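In what follows, subunit A forms one complex with subunit B and a second complex with subunit C.
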Partner chain A sequence: MMSGLRMYGLLFRASIRSRMQYRFNFWFSSVMSAVISIVEFLMLAVILLKFGHIKGWSLAEAGWLYSVLSLSRAIYRTVANDVHNIESYLVSGDLDGLLLRPIPVLTALMSRNVSIRFGEVFQGIAVLVVSMSALIREGQIGWLSIPLTVFVIISGALLLFSVGLLTASAGFWLTRITELQNITEDAARTAVQYPVSIYPRWLQGILVGIIPVGFANYMPGLFVLRGDTGWWMLPLTAGIAAALFTLALFVWRFGISRYQSTGS
Partner chain B sequence: MKPMITVHQLSKSFRSPLPAPEGPFRGLRTLMSRQYTEKEAVRGVNFSIAPGEFVGYIGPNGAGKSTTIKMLAGILHPTSGEVRIDGLNPHRDRRQVARRLGVLFGQRTQLWWDLPVRDSYDILAAMYGIDAERKDARINELADLLQLGEFMDTPVRKLSLGQRMRADLAAALLHDPDVLFLDEPTIGLDVVAKRSIREYLHSINIELGKTVLLTTHDMDDIEQLCSRVIVINRGTLGFDGTIDELRRRIGLPTLIRVTYRQAPVLPSAEINENATSLRLAEVDGRTLTAECNREAISAMEALRLLEQYGDIEDVHMEEPHFEDVIHTLY
Partner chain C sequence: MLFYVLSRKTYARNLQYRGAHMVHNIASALFGFIYTSIWTAIAADQPLGEYGSAGIVSYVAFNQCSLWVAAFMTNGLGIEQSVRTGSIALELMRPVHLFYQLMCKEWGQVAYQFVYKFIPIYALYAVVLPMYIPKSLMTWLTTAVALILAGYLSICINYIIGAVALWTTESRWLYWVNHAFSMLLSGFLIPLEWLPEPLAFIARWSFYPFLHYVPTRIYLGMSSPLSLLGSLAWAVILTAICLGLTSLMRRKVEVQGG
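Coming up: the complex of A and B.
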């Protein structure tokens, strides 16, 4: 485990060094992603400022949901960028090279083409600080909510990673998975940027029960922000993330045994 | 001696869904389809390779060469049959087998494209758990052997193909593997680079004692390097033996071109009589071309026969081209 982490760290740094060979692209893409995500949030903020709240969620609460998810996603995509890009490995047969090394394929894959999501991290922290300080001033939440929020972010990162890994594993059978990723990763995650209660029942069911991204922010938010549920919500959140992660690892391993490579 | 590589009844078939008939949502219907085509890439392959052997594994495109190599390396799981590398199963113990294997794919580099060559070696050394002292000694040794010194600090993307191939070869050897799989190591190289890569490969086999399995389309590679050839075609083994055996088995004729002082006088009966061992192919003025089966008749005997037709001025002999030998086999 320790040596695995050290290996990952080494490959991670090598990947960053590769990136830095193209310095302009590195910084430009970081800045652009920050601008894009801030604009995204501003659109939500404009709606909330106009109406005051959506389905009973205030601007500060919506900001918390939004930024917690942003940060979880930033962690997932920083730590395991190419899990999302597995399709190109499957189509080109580049996974071959990873399978030849005496380290786990997942470690090798995760540490490829690392991109540190400075933009999203910066935006996420900014929105989170603003939202939480407003909530704390109003006395809706206490200082305890800060460590709880950190817990939710990490658990959410694991959850998003697991959803990503499960989708990636499907690639061993389907090869082309961009469309599937659009649904499981992009659409689902975009949906839970907003309070899940605004959606019709069936969609809420999907976001909590089938692609459980609702557990990345909305469900634990019910407890952390409003105390709507008991404390059991937090272990449940982490438990779902851990269970999904275990399942994803299992499917991933099975998928590798089905890997077909490419002709050459 | 215990074999280094054993392959027993190895088979691999690929299953792919049949595309659905034209119409709306074709992609989706293909996905849901229960109809598959089964393509057998490798069928019942058997061989075993002793430590220190240099074996050429050849066949036309799509014959199953790469599929076999990928199963040996643990990249693909066989549909049935067994592979053992030094007694280990590359699918169950992929990571242990990876330590004993060096693999070179001529078509794609395994180095870090944007980093200096040296950095790739540092990363690989860490992956294989090679300590700093051993790593430095090993890199120096390989840099000497493969002459990497001049581009050790150059990013891989700026190397010429010949340099890249050497750098990749060193990467495959860094962890001192017992077995080396080389997939088209001379592809795209010019004559000089090809020759130097062959020299390196030769010394890797002789001096370092590595077991080498080489796939290539370049028959000069095979002829100059391999002590043994395995031919695969349409998924099954066609031949397994030495190059000389291969030549003999095909029995391509040696060409003898004889120039006489005067136009030769040919007894027509003679031609049929010796048709199996010596066949007159062409007479053009004073020059006569004969095809001679060296298994049935020695060159001296053939010349003695040809001498009967006139005074010989000059003789030119052509051994069958190895490339042609292989072509008749495919």
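Coming up: the complex of A and C.
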């Protein structure tokens, strides 16, 4: 375990060094991705500024939901970028090369093409600070909510990573998974950018029970922001993330044992 | 003739991936469903002006369908890629104008997306959502013209995005920045009259509303077909920019290697 982490750290740094060879491109695309994610948040902000609230969720609360999810995703995509891009390895047969290396395939995959998501991190922290300071000033939440939020973000990152890994593992059987990712990663994540209570029951059920991304922000948010549910919501959140992660690792290992190369 | 041959080839190439595209339609329909849910939730507490709660659902749902005609084009019409492989030099040497040639190909893409994306998603929404369906033939015709013009504007914009790659080698980020601004300023999710002032001002003076806001309002019978004059004006302006850029490109082209 320890040596695995050290190996990952080493490869991670090497990947960053190689990316930094194109320094201008790196910073420019970071700025652009910040612009894009700010514009995306603006859409929600414009609606809430105009109409006040959505199903009882204020702009500050919706901002918290939005930015917590952004930060979780930024962590997931920074530490495991190519898990999301596994399709290109499967289609081209490049995964064979990773199988030959003396480290676990997942470690090798996670440490390739590392992209530090400064843009999303910047947007996430900015929106989070503005939202939380407004909520603290109004006395809706206290200082304790800050460590709780950090906890929710880290647990959410693990959850999103697990959903991504499960989808990626499906690639061992399906090879082409872009369309599946569009549903499990993109659509599901977009859905929980907004308070889950706005959706009809069946969709709420999917977002909490089947692709449980609702636990990345909305469910723990009920407790952290509003004191609804109870303190048990936080261990439950972390427990679901951990359980899904264990399941994802298991399916991944099983998938690799079934892997058939497409050839190159 | 050339138009027909080139566009049919793109159409035929896409047919190979019909199955995958159908799965993708589920995701696309879900996105539209998320957006309509936002408005349904807001409409639960307050009236929504001239749209009303049923109108806004039709508005957003129709926008989600028309994305496939008016917004999702080949990234920079593929120019960026040919800049990187160096094949841009060959493309510019062909006896057909680069803009015309790429535009013809892209119309094949748009036609395919209309048949295999727009229509299935529209049909689904017509069944599951309280979707407004126009009765008059005139409305259908003007909506079709508005969407064709929107598609043309989008082709021009993507040509310009692709052409930037001759100077910067990479223009993928520009595609996404354009996409993000388009979502906000085209009235895709929020009708223009509800945008706060600086944004509404920028939107009114840009081509973005003609991609979604104008066609969808014509579809809903809320705008007169006269607003298409704006689409036409932008089509002329953007065509001029595309042609001007091409003549600059001919002098600028650098081969990156193959």
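We adopt the following convention: the second predicted complex is superposed on the first by the 263 of 264 C-alpha atoms of A that agree within 3 Å, B and C clash if a C-alpha of one lies under 4 Å from a C-alpha of the other, contacts with A are read in each partner's own complex, and residues count from 1 in each chain.
Here is the rule we go by: a contact is a pair of C-beta atoms (placed from the backbone, for glycine too) under 8 Å apart; a residue touches a chain by one contact, two chains touch by 3 or more.
Owing to the predicted nature of the structure, the values given are computational and were not obtained by experimental measurement.
Undergrad: May I ask you to decide whether A:150 touches subunit B, subunit C, both, or neither, giving the answer as first, second, both or neither?
TA: In the superposed model, A:150 contacts neither subunit B nor subunit C.
Undergrad: Quick check for you: in the superposed arrangement, does A:7 touch first (subunit B), second (subunit C), both or neither?
TA: So A:7 only meets subunit B here.
Undergrad: Once the shared chain is lined up, is A:261 touching subunit B (first), subunit C (second), both, or neither of them?
TA: Only subunit B; A:261 stays clear of subunit C.
Undergrad: For A:174, using the defined touch cut-off, is the partner it touches subunit B, subunit C, both, or neither? Pick first, second, both or neither.
TA: A:174: touches subunit B, not subunit C.
Undergrad: Contacts for A:17 in the overlay, against subunit B (first) and subunit C (second): which applies, first, second, both or neither?
TA: first
Undergrad: Go through the superposed model and pick first if A:97 touches only subunit B, second if only subunit C, both, or neither.
TA: first
Undergrad: Kindly classify A:243 by the partners it touches after superposition: subunit B alone (first), subunit C alone (second), both, or neither?
TA: A:243 sits against neither subunit B nor subunit C.
Undergrad: If you count the residues of subunit A that each partner touches, which comes out higher, subunit B or subunit C?
TA: Partner with more touched residues of subunit A: C.
Undergrad: Taking the complex as given, what residues does subunit C use to touch subunit A?
TA: Subunit C residues touching subunit A: 20, 23-24, 26-28, 30-31, 33-34, 37-38, 40-42, 44-46, 170, 173-174, 176-177, 179-181, 183-184, 189-190, 194-196, 199.
Undergrad: Given the complex with subunit B, which residues does subunit A contribute to the contact?
TA: Subunit A residues touching subunit B: 6-7, 10-11, 14, 17-19, 21-22, 94-97, 99-104, 174, 257-261, 263-264.
Undergrad: Tell me, which parts of subunit A touch subunit C in their complex?
TA: The touching residues are 25, 28-29, 32-33, 35-36, 39-40, 42-43, 46-47, 49-51, 53-55, 176, 178-180, 182-183, 186-187, 190-191, 194-195, 197-200, 203.
Undergrad: Residues of subunit B touching subunit A in their complex?
TA: Contacts found on subunit B: 14, 31, 62, 66-67, 70, 73-77, 91, 94-96, 98-99, 101, 103, 105, 107-108, 110, 112-115, 119, 123, 126-128, 155, 183.
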